[in-house]
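Encoded as C-alpha cells, here's the structure I'll be asking about.
By letter and in written order, the chains are A, B, C and D; residue numbering begins at 1 in each of them.
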C-alpha cells in the first residue's frame, strides 16, 4: 500500500502535513506526536525580522470553529534557521517553510535567506487577513498575486507553493494567477475573515476586531475551493480547512488535493495528525485502494 | 421599552424576520409560531414563473451548519400573490417578498407584478449560488449589481432591499454598488458556497455538487460582513447568517444591522424566532436599554 | 395544531440486532396524534449535528412512541448511546401516514430499516394481512409481526426464508392482495411500483429523502411527481409533508 | 514527555457555591506529574465547542486532580452538568507552576476564581504561610485553607472579613512576607505588582489569557514581557507555556 506522494518534484512519505501556525515548528507537539510519521511539518509563518503580532485577545471560539488574530508573530528568519530547522532536521519528515512579509522586499529577503537552507518547499502566505500593511492585498488581487509569485520564484531555488485566501470572489482565477506566475503548487484555504462581538460588553472579542475563521465550520468551503482550484490548474494542490479526521482529509484528496494540512484540529486533539494518517490507511485497506494517488481528484 | 424599528421608511414592530427560503410563506411554521409576533415574514424567493429547482439530494449536514441546493424551486408569482399573500395578510406582521430571476427581465416581471400588491418591501436575491443561468453573476460583480439595482428600482414602487452574496472579495464595494444603484437597503449574508463529498461512495453528496452553507458555522463571517457593509453605506442593513439565539441576533445588531433574519435556526428549533424576540427583550431589560435602536451599530 | 416539539424522556433504548436499536420515548402529545406511517424528527444533543433525524414511528403505546433505528452515521450512532432517563427533543407526528383502507387483503412489504413503520400499521388494519419482510442478513422485529398477520421472510444471504428480495418472496409464496403498503430502499420501491402496476394492485410507497425542516417549508426533500403538484406548481412533492407515503402512480421514482 | 492527554473519569462534581463547582478527575499520569500552579485543558463533550478550557489544578490527591471552576459561559456551564462516572478528555499538566522557594514567609493571594490553585500550593510550602483571599460576595474554599496557613478574607460586599479587596486586607491586617504568590483578575495582579515593587517583595503572578493549543505552539495566549523573550524574540511571553506564573517584573500588565 503506497501512501507517498510526489508534490512538485518532492517525495513525501504520506500526504499529511500540518497547517502553518497551528503547530509552531513542531517542538511543542513532539510531546504528543512522533514527527517521523508526518509527511511534512509546515512551519509557522516566518518573516525577515521578528514580528510582535497583534495585541491580545487573539483567540475567540465560535460555533464549530475559532477565530485567531495572532498577526503572524514570529522570531524572524535568523532565529528560525538557527534554532527551528536543526530541530526539525532530527526527524525523518519533510519541511515546508511558510513565509510571510509586509512587502515584496520582505518576501524576497526570506526566500533568499532560505536558498542555502536544506528545506523541501516554501509556502508563501499571501493571504493572512491579520496583517494590515500587506499580505491580504497580494492574496485577493490576481495581478498582485501573479506578480509576487513571479518575484518569489525568481529569487528562490526551492519549489514554491502559493497559499491562497478564501476571501475572494473567484478562487479559480487566483489559482490560475499563481500558476501563470510560475508557482509549483498552491495551497488553500487560509482562514475566512470573521468577527465576534461580546454582546454583554458591547465590544469586539478580539483586540484586532477581525480574525481568521478556521476549524470544521469552514470545511465545506475548503472542499469546494480545493475542487474549483484543482480543476483550474495543472500544478498540485495542498488542501486544508477544518480537517478533523481521516474522512475530512479524504474529502479534500477526492476533491483534488495531493496533500492535506491539519490545522485547528491539533488544538482539539494533539494526536489528530497521527489519527488521520492511521485512518487513511484503514480506509485504503477497507476499500482495496493500493495507492493514495488513485484517490486524488477521484470524486465523480 | 421600544423594539420597533424603521427600515427604509417602513415600521416593523420588532427587528426579527425570517431568512428567505427557510420559512416558506409561513404556513407550515404557523403550527409552531404566532406569526403576529414577528417583525416581518420574508418569503421564499419567487420568480415570474414556477421553477422546478435542483434534483435531490438537496440537503447535506455539515459541522455546525448545512448545505442546501434547493435551486430556488417556487410556484411562480401568480400563485404566490393569490395564495400566499392573502394567507400572510391575516396576520399583523410585515411582509418582505424575496424575488429571484434568471435574467433582468425576469426580475422586472416579478417586481412589476408586485406593484399592485400590498406588501411592505422587496428583497432582491442577486446571490443565489445554485442558479447557474444567472443570479450569482449579479451578486458578485459590482457593476452588474449596480445595474440590476437601478433596473429594479425603476420598475418598483416598493422599498427595495438588495440581498448580497458573501462569496466576494470586498463586501463593502458590493454594498456601495447597491446603494449607488438606489437600493433602499441591503441584506446579507446569503449562503457561502460549499461542497460535501461522500468519501465511501466517492460521490458528491448534493446532486448539484455545490450548495449554500448556512447555520451557526458561518455566523462569524456574517458579523464581519454586516459590520463592514453597514460602515460602507448609509442605507439600513438586514443582517443574517447563523443566528441561533438572541445573543447572535444582538451581535448583528451591534455590528450595524437594523433588522435580523433567522434562517437555518428554524429547522433546529421551530420556535427560534419567538425565543430570540423574547431573549432580546430580556437583554434590554437586564441592561436598561429602552430602545432597540440604541443598539444598532453600538459596538466599540 | 397537531404537531408538537417536545422534550421526550427516553423510557428504554435496547439493541435488537448488531446495529439496530429499539427506543421508547415518552411523548404524549405526539403519541396521541400519530397514525401509522408518520415519522418524528429526532434532534441529536451534540451541537455539531444540527439537523433533526427523521425516524418512522414503529409503534404507539399509550403515551409513548417507539422508534427502531439503525446506527449508520454520526447521529444515529450517538442516539444509540442514549440511556433510559435521558431527555431528547422530538417533533411530530410528521408526514401523512398510510391511508387506512379497511376490510381488504393487504401486503405489508418492508425492506431493512423500512420495516419498523409497518408494525403499527399491521396493528391498525382489519382484514387479511400478509407481511413480507426483506433483510440483507440479520433478522430483527420479525417475531413481533406474527400476532398481526402472516409473516414471510426474504434474506439476501438466504439464511432465513427465501433467498433474495421481497419480490422473490412474493413470487415464491404466491402472495396476493388488494393493497400493498411498503417501505424500504428506493430500488425495492421501484420494483414494487412496477409489480403493483403489472398486477393491478393499489400500491403505497413510503419514501426517504434528505430533510431539513421536516414540515414542508424548506423544499429540501422533494420527490418527482407524475403530475404538477397542486402546492408546488411544479413536478415536485415534499416527502416530509405530502408524504412520506405516496400512491405509487403519483411519483416518478 | 510529562504532558498527557487522557480520558479521565469524573469521580465527583459538586457545587461549592451558587456557581462554583469542585470536580475530582481520575487521571494518574497528570496527577503524578503536576506541581502547584499548573493547569489542565478540559475538553467539552459538545462538538460545537472546540477549544479546551484551561482550568487550574486546585489539588492533587493520589491519582486524582481536583479542579474548582466557576460556571460562567457555555463550556463551564456544561462542565457543571457532568456526573460522577462520566469521562472527559483532559490534557496536562500544562504551564510552569509556581516556583517553590521554601523556608520563607509567604503571602498567597487569590482573587475570586484565582483562589483554587493556591490550595495545592499552600500544602506544598514550608514556612510562614499567610493566605489572603478576596471575594466579591459569596465565600468558597476558604475553610479548606485553614489547616495550611493563616487565612485573611476580603469581600467587596463586606459581609465577610475586610470590606474591599485583597490589598485592603493586607493593609488592614498588616501582613507582610518575603514572597507573594498570587492568582486572580488582572486589576488585582496589577495592584499586587505595584505593591510588591513598592514593598520590595518578590511577587509571582499567575495570568489568564484566551488560549487555543495550551502548549506553546499557536502564540494565541501571549502577554507583554518587559524584555525581549528568549523564545519569541519579541516582547511576548506565552501564558500557557512560559507561564501562567511569572515573576511580576517579567511582565508588563
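By definition in this document, contacts are C-beta pairs under 8 Å (C-beta built on N, C-alpha and C of every residue); 3 or more make two chains touch, one makes a residue touch a chain.
What you see is a predicted model, and the numbers here were worked out from it, not measured in a lab.
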Check: To reach chain D from chain C by way of touching chains, what is the minimum number of steps?
Finding: 1
Notebook entry, point to check: So which chain is farthest from chain B, going by the mean of the CA atoms in each chain?
Noted result: D
Notebook entry, point to check: Roughly how far is chain A from chain D, going centre to centre by Cα mean, in whole Å?
Noted result: 35
Note to self: Using Cα averages as centroids, what's the distance between chain A and chain B in whole Å?
What the structure shows: 33
Next item on the list: Find the geometric centre of each of chain B and chain D from their Cα atoms only, then give the gap between the two centres in Å, rounded to an integer.
Entry: 46
Next item on the list: Provide the list of chain B residues touching at least two other chains, using ranges where the numbers run on.
Entry: 63-65, 216
Notebook entry, point to check: If you look at chain D, which of its residues touch at least two other chains?
Noted result: 47-49
Check: Based on which chains are in contact, what kind of graph results: line, ring, star, complete or other?
Finding: complete
Next item on the list: Could you please specify the touching residues of chain A with respect to chain B in the complex?
Entry: 62-65, 67, 140, 167-170, 192-197, 199-200, 202-204, 210-211, 213, 216-221, 223-224, 227, 242, 244, 247, 250-251, 254-255, 283, 287, 295, 298-300
Notebook entry, point to check: In their shared complex, at which residues does chain C touch chain B?
Noted result: 1-3, 5, 43, 47-52, 91, 209-223, 231-236, 241
Item checked: Of all residues in chain D, those that touch chain C in their complex -> 45-49
Check: If you look only at chain C, which of its residues touch chain A in the complex?
Finding: 47-48
Checklist line | Residues on chain A engaged by chain C in the complex (per definition of touch) | finding: 63-64, 216
